[in-house]
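Next up: the structures, one after another.
Here subunit A shows up in two complexes: once beside subunit B, once beside subunit C.
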Partner chain A sequence: MEIFATLVSILYQFATNGAFLLLSALGLIVILGMMNIINLAHGELMMMGAYAATIAYHHGLPFLFCPFLAFFVVGAFGALIERTIVCRFYGRELGALVVTWGISLILSQGTLMLFGPFLPSIPIPGGSVGVGQYSFSTYWLVVIALSWALVLGLWALYNRTLFGLQARAVMQNAAMAKALGVDINVIYMLTFALGAGLAGFSGALFAPTVSIAPFMGQQFVAPAFITVVVGGATNVIAGAVGSSLLLSLVKTPIGFAMGAFLGTVALLLAALVIIRLMPNGLSAVIQRWLDRRNRFA
Partner chain B sequence: MNDRLQDEDRSALESTSTMSPLPAADRRGVLKWVGAAGAGLVGGLGPVYLRDFEYTRSVQAATDSPVKIGFIEDESGNLSVYGLQKLHAAQLAVKEINEGKTLKGAPAIGAGGLGAVGSAAAHPPTISKEGVDLNVVGDGGPKSVNEVMFDEDADVLIDSGDKGILGREASLVSVDGQSNNALWQQLARRLIQQDKVDVLVAGFASAEREAIRPIVDQFKQLYFYTNQYEGGVADANTFCTGPVCEQQVIPVVQYMVEKFGPRGYTIAADYNFGQLTAAWTKAFAPLVGGQIIGEEFIPLSVSEFSQVIARIQQAKPDWVMTLLVGQNHHNYYPQAAAAGLKYPMASTVNMAQGYEHKRFKPPSLANMHNAIQYQLEVPTARNRAFVKRWMTMFPKDEYIGEMAQNTYFTIHLYAKAARIAGTTDQPTVKKALELGWSIEAPEGSVFLEPGTHHCAHYIRLAVCDENHDVKFVREWPSIQAWWLQRLGVNLVRHPEYKQYTPDEDPYFKMFLKKS
Partner chain C sequence: MRFLRLLTGREDIGGSGLFWAVFVIVCLFFLAYPLEITEFEASNVAFYLLNVPMALGLSLLWGYCGVLSFGQVAYFGIAGYIYGIIAGNMIGDPVGPLAGSAGGLAACALVATIFGYFVFYGRVQSWIVPILTLVLTLLLETFLGQTAGYQWRVGSVQLGGYNGMTGIPSFQLGDTVFIGYAFYYYVLVVVVVTYLALRMLANSRHGKAMLAIREDAVRAELLGYDIRARQLAVFVVAAVLAGVSGLLYVQWGNYITPSQVGLLQASLPVVWAAVGGRESLLAVAIATYVLNWLTYTLSSAGYQYALVIIGALLVAVMLFFPDGIVVTLARALPRRGLPLPLVGRKSGGA
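Right after this comes the complex of A and B.
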């Protein structure tokens, strides 16, 4: 029973670490995959989602609806900054990097000025469930399930809807898609809004587990970027899922045996090795395998 | 025709030459550089200056030059939950000094009290966590025991006979460190060299203190560090008025081993304070019959604790020692509660400083024990009066933590020392502070030891129950900061400028083998 409980605990930690990486990275990878823009304001968009959820919760909205509200609020904000600022930098990645960093500074210091150093936090909903000597938070189990549902939803969006078809076309060859009648400005705006909305959704999901402070986005930026770089932008969903699974697979056993700090060190070393072996990320390898399978089916 | 072309070519070449030393000698280039430099100035210095513009300006405009109390704390960032309380404490103290008030105390042997006979209840009263009125929710039972008790003064704030400090207004020059060590160093230099403050009261995290202590020593600035910390600072310019490990770690570990069992597990913040306090705990536990079975050090930026929780559950200790610092780390408590972790906890930092029992829903902090020298709920008459004064000045504040109270009495202590010295000249005030001071703080009587520059404190063991109400189950009216004495530190005879670590104390290794 003890061995079984320990195995369940390790599985739970693996799923939690993976869900944390996946949710942190999803918004970033959607934007990177479409427009090749590295959105340095990603952490602040997550912070914005957490703030939206916290303020709505403290005004009486049940927590069940708060992440969805955050999705739409931050998505709308993303569409706004895309239309006014980011669209001028397509094709100029370095300029986009600097301008999104500027947006992140404005957002974080602006939140500090408007809302003060911290907001009262949301209590973690749900209780716990025990297996042997270990116990697990039901909220995290729900978050893990939600992250899988999110990945499935994104896959359906990209492969079964008209928007998804047009988006994939624009990702492959923007000029040809434009020539075939796809309005690429609308696709870019919707994609940026989707990426921002996903960041806000993730931020709202993490909100009960962290302190609500203006600089809280910073703790997600590093894991998000590492996951995105290891995943690569060739295939958004395969990259995000594969990367978060692989990195979590490395982090969990070492973290369990030797402490969370060394787990993070192992994650960074693994990222180093993977990028050296696969410079375009995991998704490039997965995409090549998929193409080869389709070609010779 | 060929010659003309050659001339044109040559002049074209000269005008597009990239060998000129000036980066841009035309109007557009100059405008760009000026614009960039201006933006850089505003961006870089604006946030630091704008907030304190009025302070610095008002200081410069005063004709009768005020006594400048330099103050650096974190008003934003990870450590702002502590820094804001300390800022309010400093503002309250400065206001009281300027109104002609001071705390009782002198270079003498303390206020003393009147012994009297009275009745006591079997158990201590439980102080409610709601609000700031120190309401008693559990009365402690019928009063039956007859013992000799001490009669305490209702308040210890008396007239100083002085307006401000030596007739000059006390002015607080405070800046925001933003929980960023590099910024702390810049601000320390600015306060010492530019504003020329008469005393510097600064520092929450040990990393911040160690970042600015070399600067303090370079300019021989009188510096008060009012925070609880890991101990060991032996610096002729620095006076540490916060409690240290021997005053907090030992009482709480002793109590936990007595009540819950010998096996403890430490989780600590991964920087100098966390590492050194954990080393103290590990060295000391065997001497009271306990043992630390595992330790984990968590970087300050981590706020996700599921792996830490799983490792604690695997180790199965009797109690957990939590030395967690900063808002990111405080999320451990709701996460552990949500995961169903029910071990009793001991700490020297949590509850009394970051008021987690008010910020997180019950029962996140159930069974938390802390050997504190002060927290809001201390049920004495002088503390009630202090809390009332504070809440009158800052009605929106939620809590008064340990370090805030230290800041408060430290600034009053400085004023008293300056009056005895008759001047604000820093070397003289440093000598005046070595007279053997006793000051009546809201916590009780505090004694500033001349040789070690540290304070003996009144220690109480606070326990937080499942509703997050607080009770004090044990008291030690005076615990000295004896570790530096054992190391032979006497800053009056032999000035030093360093910090001692447990590695330099042979006693730790001598008795560690006992486990």
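Right after this comes the complex of A and C.
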């Protein structure tokens, strides 16, 4: 029983870290994989999601609905900045990086001016379950389950719907997709809105666990970027899942033994070694393996 | 002759006799400027100038070599802190500041070489360098922020957590301590020499290879250039230049805090380079000076708006002047004769 409880505890730590990395990175990786654009305002979009959830919660909306509200609010905002600003930077990766950085400065400082240095926080919903001498937060268990449900949902969206088919066509060959009658501007706008909405959704999910402040987005930025770098952009979903699992495998023991900060340092070092070995990320390796298997099947 | 050719080559705006006449006059103006202003104002002007080497390094890296880094302030901070540790432990010894400067720059070069080795020899895609350098900066800030308390000291120097490191010695050569007007001239010489040296580098054969890599890395490699080694070399040079600014900063204010390597500071060199026009060293130097002056003036009026204005400026410049404001203005000037630097070159993607 003792050993069983310890095993469950390790698994819980591992899954929590994995879910944190996955949720932090999901919105970023959707935009990168489909549009080849790094959205440096990602942390600020998560911050917006947390703010939307917090404000709605304190106006009486049950927390259950808050993340979904955040998804639509931030998604709409994402569509807006895609149409007005980001759409001028397709094909200019570094230009897009710099301009989204400018947007992030405006958003974080603007939030400080509008809402002040902090908002009252949301209490963590749910209690805890105990196994042996350990107890686990129900909320995090739900978040872990939700992160996996999100991945499944994304997989279904990209593989089972017309939007997904068209989005993948645009990603592979935009000119050909356009020639076949796909409105690529709409696809780009919806993809960016989806990525922004996912960032808002994650931000709202993390809202009860952190303090709500204008610069809170920064704490998600480093883990999210490392996850994306390790995952690569070849196969979005495989990359995100693979890299968050792998990095959680690095972060969990080191963070447990030496503290959260060194856990994050270990993430950076792991990322440096991994890109030296596989420059296009884990997803390129996974994709190659899938291709080879399909060929022989 | 070869020296002059390198200096007046076409890889930066301006190359005519008139241009160099204006350049010399501006230098003379800066030399004579302290006669007109108080020591306090001279110290402010020195502050605007001391950021120029870091900005020039980023211009070389991003504008000339096509590698964007958001982490230049990390090297700024590394040089500043190492200088503080070495010179602070050698207070009273006239060699201390010199040893501190050498140590700070060596640390920058070392970190940049290790970091750059993994990045460039892995042949990663172009978006990976900026975000990994950004992560490096964030981690450095977090690390320095938690160094409060007595156990975080090196010799007699305390790192000081978010309050930062204080009492860092000024620069000293022999018995001359560079403070006040002397510091102003010291910064001015460093900035002008850095600019001229980088201009010569850009016009040299190495500079041409650098531009070739920016324009088309695969083609440059097929022509026999080792693009990995060259990108790494430029990355290290840019890091050392950021270190130079870091040294000047701690020698100017005698303190440094972790917020100097924070996310907001990290954005500034990118803003300076983008606003000036990253493909021209001189334009970046001018933009750095003007924007530092502007930030200082704005922040005395109310700091909370400064970042929104800088963010909006960055977005507006990227949308409407993708080649930078100074470069766009310079191209609009009427000109006579050859050479026609930067004219007609199709601007590659940002």
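Just so it is clear, the second predicted complex is superposed on the first by the 292 of 297 C-alpha atoms of A that agree within 3 Å, B and C clash if a C-alpha of one lies under 4 Å from a C-alpha of the other, contacts with A are read in each partner's own complex, and residues count from 1 in each chain.
FYI, a residue touches a chain if its C-beta (ideal position, glycine included) is under 8 Å from a C-beta of that chain, and two chains touch if they have at least 3 such contacts.
What you are looking at is a predicted structure, and each value in this text was computed from that prediction instead of being measured.
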Worksheet item: Given the superposition on subunit A, are subunit B and subunit C in a clash or a fit?
Response: clash
Item to complete: Once the structures are superposed on A, label A:273 by its partner contacts, choosing first (subunit B), second (subunit C), both or neither.
Response: second
Worksheet item: After lining up the shared chain so the two structures overlap, which partner does A:130 touch, if you call subunit B first and subunit C second: first, second, both or neither?
Response: first
Practice prompt. Examine A:213 and indicate which partner it touches, taking first as subunit B and second as subunit C; both and neither are also allowed.
Written response: first
Worksheet item: Which partner does A:148 reach: the first (subunit B), the second (subunit C), both, or neither?
Response: neither
Item to complete: Check whether A:97 is in contact with subunit B, with subunit C, with both or with neither, and answer first, second, both or neither.
Response: second
Item to complete: Figure out whether A:112 sits in contact with subunit B (first) or subunit C (second), or with both, or with neither.
Response: both
Discussion item. Which partner chains sit in contact with A:265 here, subunit B, subunit C, both or neither? Use first/second/both/neither.
Written reply: second
Fill in: Clash with subunit B (superposed arrangement) - responsible stretch of subunit C out of 6-14, 168-176, 186-194 or 312-320
6-14
Worksheet item: Touching subunit B and also subunit C: which subunit A residues?
Response: 109, 112, 215, 218, 261, 264
Fill in: Residues of subunit C touching subunit A in the complex
62, 68, 70, 115, 118-119, 121-128, 130-132, 134-136, 138-139, 142-143, 146, 263-264, 267, 270, 274, 304-305, 307-308, 310-315, 318-319, 322, 349-350
Fill in: Interfacial residue positions of subunit B with respect to subunit A in the complex
47, 75-78, 80-81, 84, 270, 296-299, 301-308, 310-311, 313-314, 316, 327-328, 330-331, 334-335, 337-341, 359-361
Worksheet entry | Interfacial residue positions of subunit A with respect to subunit B in the complex | 6, 9-10, 12-13, 16-17, 20, 109, 112, 117-118, 120-121, 123-124, 126-130, 133-140, 208-211, 213-216, 218-219, 252, 255-256, 259-261, 263-264
Discussion item. Residue numbers of subunit A touching subunit C in their complex, please.
Written reply: 32, 36, 38, 40, 85, 88-89, 91-95, 97-99, 101-106, 108-110, 112-113, 215, 218, 221-222, 225-226, 228-229, 233, 261, 264-265, 268, 271-273, 275-277, 279-280
